[in-house]
Amino acid sequence: MLLPLIGLHAVAGVAVLAAARRWGRRGLVVGGAAPALTALWAATQAGAVLDGHAVTERATWVPQLGLGVDVRLDAFSLLMTVLVSGVGTLVFAYAWHYFGSSDKVGRVAGLLTLFAGAMLGVVVADNLLLLYVCWELTSVTSYLLIGIDDAEPQARAAALQALLVTGLGGLAMLGGFVAIGQEAGTYRISELLADPPGGTTTAVALVLVLLGAFAKSAQYPFHGWLPAAMVAPTPISAYLHSAAMVKAGVYLVARLAPAFATSGPWRPLVVGVGLTTMLAGGLRALRPFDLKQLLAFGTVSQLGFMIVLLGLGTPGATAAGCALLLAHGLFKAALFMVVGIVDHDTHTRDVRGLPALGAGWTPLRAVALASAASMAAVPPLAGFVAKEEAYSALLNGSGGERLALVGVVAGSVLTVAYSLRLAAALWRPDLVSEAPAGRATLARGPAPAFVAPAALLAAGSVALGVAPGLWSGLVDGAARALDARSGTHLALWHGPTAALALSVATLVAGAVLFTGRRTVAAVQARLAPARTGADVYDGVVRGVLRLAARVTSVVQPGSLPIYAAVVLTTASLVPTVGMLAGDWWPGWPDLVGRPAHVPLAALLVVAALAATVATRRFAAALLLGVVGYGMAGLFVVQGAPDLALTQFAVETLSVVVFLLVLRRLPDRFEQRAPAAGRLHRLVVSGAVGVFVVLMALAAAGSRTAPAVSREMSARALPDGGGRNVVNVVLVDIRGMDTMGEITVLVAAGIGATALARAGEVPRRRPPLRGARRARQEARRP
Amino acid sequence: MSALLGGPVLLPLLGAALSVGVGRWRNAQRLVGVTTLVVDAVASIALLHRVDRHGVASVQAGGWEAPVGITLVADRLAAIMLVVAVLVLLAVLVYAIGQPGAEEQHVGFHPVYLILAAGIGAAFLTGDLFNLFVAFEVMLMASYALITLGGRPDQVRSGMTYVVISLLASTLFLLALAFVYSATGTLNMADLTTKIAALPGGLRSGLALLLVVVFGIKAAIFPLFSWLPDSYPTAPTPVTAVFAGLLTKVGVYALLRSQTLLFPPGTRPGTLLLVVAALTMVVGVLGAIAQNDIKRILSFHIVSQIGYMVMGIGLFTVAGLAGAVIYIVHHIVVKTTLFLVAGLVEQRTGTAHLDELTGLRRLEPVLAVLFILPALSLAGLPPFSGFVAKLALVEAGLDAGAVVVVGVSLAVSLLTLLSMTKIWANAFWGPDPSHDTGRTMTAPRQALMVGATASLVVLSLAVAVAAGPLYGLSERAARDLVDTSAYVHEVLAP
Amino acid sequence: MTVLLAVTAGVLCASGTYLVLGRQLSRVVIGVGLLGHGANLVLVLSGGDGGDPAFVGGDAARFADPLPQALVLTAIVITFGVVAFLLSLAYRSWRVRADDEVEDDVEDRRVARGAAHAGEDGAGS
Amino acid sequence: MDVAANVLALVGAVFVLLAGVGVLRFPDVYARMHAATKAPTLGIALIGLGTAGALDSGRAPVLLAVAFTFVTAPCAAHLVGRAAHRAEGVEVEVEAGDDLTALVDGADPQV
Amino acid sequence: MTQVVRTAMLVGIWLALWSDLSTANLLSGLAVAVAVVVLFDTWRPGTVVVRPWHALRFGLHVAVRLVGASLVVARTVITPRDRIRTGIVAVPLLGCSDALTTLVADAISLTPGTLTIEVRREPPTLFVHALDVRDVDQVRADVRRLEVLAVRAFGSREALAGLAVDDTRSWRGA
Amino acid sequence: MTAVAAAALVVAAACFVARAVAGPSLADRIVAIDGLVVTLVGLTLVRSMRTGSTSFLAVAVVVAFIGFVGTAAAARFVEQRGG
């Protein structure tokens, strides 16, 4: 049922896209049906899956490459499916109001559906390569979704940035996957985790894989694309950039961590990057006035947090990470929706420009408050439960985990601060920004149905906080699925533990930070790095463009003489060097064969050299003819009458044709600066000459077997029916060559005719007589 | 059997003769052309089926058994190439019939096009080195005629580059043939297998490298590629499309064939080819990034992707060669499609220059779809054919320990993506075009163009879907290339 | 193959190369012709150092190798066809542009000029 | 018979040789044409006769070749001479007047 | 000389080229010859007749003059003389047919010291380059002799008659 | 004796080539090449004599004929274009 469901996403998505204009926002219903059905189906499977009975299905694709459509729904995948499909369904519902009758709704619906399918694929894939396939599909759909307002240059740039950064990571990851797969002998994730490979190759491969995960999950220093992607309409941000896609990296890290956390640089890398991200993201979230930017950096920070927890690979942290995943999905999606509604109804999301919100906005503000509180880990909300879990896990862990805890707490303080900032933005904007005088009050609030999806999510945050038993089983199962040693029992109240103390301290510190926001802002402004992540990206892209232009201007000068020089130099040097490097010299042959060769060779050499230095076109052409005649003479001496004949005739014909063509040109070659200097040309010519001489002598001296043509002479008459062996060879033994030769002539004739006529055949035939007269008149002086 | 092997060569020639015969009656020419290629396609598929089932097949032309006469040989590789080539030729012909322009204005188009088909067929099937030269010449001469059809000044200029460089390549090929015959006294490729092995090592590698250069020029590998991006974009669209898809690949095929069949394992320039492959990929893709014209971008990508194929060849393992084969198949279909789309863009808007294009997505959503699918495939994004091909090469490369070239290939595919999105973002995205030339694409003849393009898109999707069996086929083909005994035995002792 | 003829072939190829590297199309054509002669010379000599014409009835042991002769014959004709086409192309070029020079590619030069100030280009579009 | 044939060939060859030297040494194009037209024609005729005499078969082509030479040599000379004269830039040393130029210039030739 | 004769001549050349008298060659030659004769039929009947005796005389004359011419060349090569007076001399012809004009023009080139440079049709005039124009009349006399011989050998009846009439109006008198 | 004849012809050919290279006018070159062609005919005939083989005779005929065609074409060129 899993594969058909994924297929359903694809079919529904394509159908919605195809009918985008006709269906309009009804497409959201069709498209949304796919994640909704998936969520329902997942719910029905939950019991068995949580009991440890994973649903597996498989289909073959390219088995020889290890690329199979293997899917497996275990409890962790189930948790992710809840996020992907559950939140997804709500996003579709939210989008109904958000887009209204906008003309892009159809495309958004279709792409969102495709995205949901791809994301579902990521979280249920049991094959590294399949995971990569779905992974990149999410990148592509994300590209198209971010760029949905394609008339805006910013949207295009942000879409490209997201695609390139995640694509870069993805490609590194692919390399890592293949290396791991080859090391392990399988690309099946379940088999791989059961028997993880070790060694240097694996360690390197894991770094590559992590690179992919980091890029996808917007970890420093790859995070820049995520804030930029906020130009997309909010349903897209809510889904892709908080609930689902950015979790792909986290998902992957979580999957691999229990098996690989101890190998190589995994742990330091994951914890280092995760903490950096958490802290840096948190700090950045304190600055923007654009609510969406605030959320974006908050997401970056939270993703860092999750990477730390799930990347540690210890049982406790893993369980906590699972809880945080779900909690974050709930509150962050809700917050995005809230900001989206504000943006939609007030046409701004800048705190400084927000109107005062009237009574109609209270429900929405409540939703925002609840979700922000969950984000800040205020009890009794889901966020609190998760963070509590995390603190206690890290507290109980080894030295390294304690170290991580320091960072996590610091990050959480920042989280509290920016959560407060967000909540304040909706309730007391004056706290966040200088309130402009005469702020109009917008009394009429958003439509209830518009708020409903967000409210549902906020309610979830509350419910899960109040009644941890609701999701304890799911988190426990997910943690066990990742790591058999793991497992947890979520609770709101664990008693007066160190973790609780830390939580309280965190909240207090965060509040203090928020209170002293002006000082903080001042310090931050002082300390803000000159170069942000966006600058780095810009710099790299610009560097690539410049490099491309430079390289291209060198290798592609557009000049035929240079191309010819390159070709001939390569052709003479490479084989010659290759030959000289090995055993090749067969010994000196005779200096001179027949006496007649001497004058003929002299003739050829003299005429050829003369043609080279000739300053007149016509003379050069005639000298070429002399060379040809000399060749004919040589053929006579070599015992090749047919050849001599043909050579002679063809040479004459060539000269005649040449002369016909030359008529139009001045007689002397113009003295112009040649593309290549004389010396260069001489060097290249010399190289070609040496190459021909050496290779010819080496080849001729190395013949051991008699030529196959021996047999031809004997069989010419009986089998070929001719006395002239060369003729028999031409028309019978190698008749195919001759056929080809004739074909070449025919094609040449057609081509030359077309060229001769080109430009003289008017496109539409004018009256013939008039045209002719006109031409005659034109000819008259 | 002989009909199946001779068909792909003789049939188009016959068609060409007929086409010349019916002359100015254009509809008859069209009928002849399409019929010929359809029959050719059927024959090729039958040949592939047979070869895949019963192994290498051969025919001694004129009854002169090898190595005296010319042998036509079809192994899996040749048959695969043939099938793909003919299908693409057919689709492009249909497109050309739909397009107002070259096909309509010149009596010579159909005959020359069929001659091109014959040349390509002969190049794939011949088992004789000199006959390969002749096949190349047939193909090239037809291509010269096609690329200059119309005789516009820019065409003439770029045609000159193309013809002169090709002529140099042909001359070098002739020299190579002379050296080979001089040293071995035979031209039959199967016969050469044993005779070249007996040559002194230095001479052997000299010959191998010379052939690499010769075919490398036609295949446009670094540093011999510069002619390609200058010459391809100026030709009429169908011509460019078929060149882009097929001609360089004939060079790659020849490279593949000559290096695996003629030179014994251990003496092949594998490392050199890998280095060249990496450079080709990088330089090609950088060139593409620097361009601002769709056709030129695509042309540079040909170069870049030739690098991938050469990488597969340079590995000289079953996996590498199989990867190269499936990459070639993918590339032929996808690249042709993209050029056809570029032609449609040009047809619709009058230009293919990115500075002058915008918002095509709104104008022609169908075109946008037709572009983005093969474009993503070209960039090697899953789940398209390009991904499978790239994956095959990456796996083969890592398996053989060629880490650097694999890394380069992955990086290059990102840059490929960059330049594909450049086309997409500039031409298809963006604000509405301020002025619309109004050349809508609804006329029945344009339906032919769109239909032909769409059918190639479908074909490329089919390649992705059927990647499993197709890769199996490629792998079997690669086995034949690694172990040439079946080929040699079939030719010399049938 | 004697040294004399090998060197002759080498000189033919070298002078052809020299001409091909020139800018004037007529020189290029002549250069191609010379290169072709060089290649043909090597090819005809690849069958050994000549002998009697291979006619049935003669002394087969003294025959010149007929196969390279046939090959060269084919090559000559093919080269002629191609060169003739090249000439018609040149003719066309001269008619269109009234010039013999092979000019550089316009678009390439544009890109090269762009490379000089690529730094100012915006990124990412 | 063989000796005679050989002698004929030799004499013919000598005539061709003389023509060659003449073409090399004569001062202007017309003089060279005189040399290149007459002596080689005779030379070829002699060589041809010699060859025809020496061969047992295939005399017809030899005689045909000779006949061709007889027809074409003066004809070629005529064409080249006319071309040389009509073309600008050929230095012609005409010491004793030039009826043709006079005619071309419009004046009646001195008849 | 009818078309049959011309065809036969062509067949003869064909056979000589093949140097093999087989039926196939004969037939193919015949085909080609007929085709040529039919396609390029520019012959005007009655303009040329052959008088064997005079033809022989003409031939012999040319042959002898050719030997003489060659010897002159030889002598000039061996003993280079001082610059001689060369020049171009216009020689009017007797209004004989195109074919005869061609013949004469050709033959002149094979005789010592003269070379046809240009031919005019109306009035039929040859422009002859002479190595030695100290005696223009001598040049004209040479040409004249050749012409008379040629007309006698191949000229039509009218041309022959014209020869007799025109003889009175000799160039000497002009 | 035929060897001497051949040698004489070769020397003649050398003379013609020298003139073809030296020019100075195009007409000179054409005359020289015409002479070269005739020499080639002579050489072919002499070779036939020396080997007693008839296989080269066709070459002589065709060379004699085609050489003329070439000369004529070249001459026409010079006439139109100037020397």
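We call the chains A, B, C, D, E and F, going by the order they appear; numbering starts again at 1 in every chain.
As a working rule, contacts are C-beta pairs under 8 Å (C-beta built on N, C-alpha and C of every residue); 3 or more make two chains touch, one makes a residue touch a chain.
Everything quoted here is computed from the prediction, not taken from an experiment.
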Common touching chains of chain F and chain A: C
Winner on C-beta contact pairs when A-C is weighed against C-F: A-C
Separation of mean Cα positions, chain E and chain D [Å, integer]: 14
Geometric centre distance via CA averages, chain F-chain D, whole Å: 11
Approximate Å spacing (C-alpha centroids) for the pair chain E, chain F: 23
Inter-chain centre distance, chain A versus chain E - centres from mean C-alpha coordinates, in Å: 84
Chain C, residues touching no fewer than two other chains: 1, 13, 20, 28, 38, 40, 42, 45-47, 52-53, 55, 67-68, 71, 74, 78, 81-83, 85, 89-90, 92, 96, 102, 105-108, 111, 114-115, 125
Residue list for chain D, restricted to those that touch at least two other chains: 19, 21, 33, 41, 43, 57-58, 61, 64, 73, 75, 77, 81-82
Touching two or more other chains - residues of chain F: 6, 11, 13-14, 26, 30, 54-58, 61-62, 67, 74, 76-78, 81-82
Complex contacts: residues of chain C adjacent to chain F: 52-53, 55, 58
Residue ranges of chain A touching chain B (in the complex, touch as defined): 60-67, 129, 132-134, 136-137, 139-140, 143, 147, 150-151, 156, 159-160, 163-164, 167-168, 171-172, 174-175, 178-179, 181-182, 544-545, 547-549, 551-553, 555-558, 560, 562-564, 566-568, 570-571, 574-576, 578-586, 692, 695-696, 698-700, 702-709, 711-712, 715, 719, 732-737, 739-741, 743-744, 746-748, 750-751, 753-755, 758-759, 761, 763
Touch list for chain C against partner chain A, complex: 1-24, 26-30, 33-34, 37-38, 40-42, 44-57, 60, 63-74, 76-78, 80-85, 87-92, 94-96, 98, 100-102, 104-109, 111-112, 114-115, 118-119, 121, 123-125
Parts of chain F lying in touch with chain A, wherever the complex brings them together: 6, 10-11, 13-14, 17, 20-21, 23, 26, 29-30, 33, 36-37, 40, 43-44, 47, 55-56, 58-59, 62-63, 66-67, 69-70, 73-74, 76-78, 80-82
Complex interface listing, chain B residues touching chain C: 130, 133-134, 137, 140-141, 144-145, 148, 151, 153-154, 156-161, 163-164, 167-168, 170-172, 174-175, 177-179, 181-182, 187, 229-230, 233, 290-293, 296, 422, 425-426
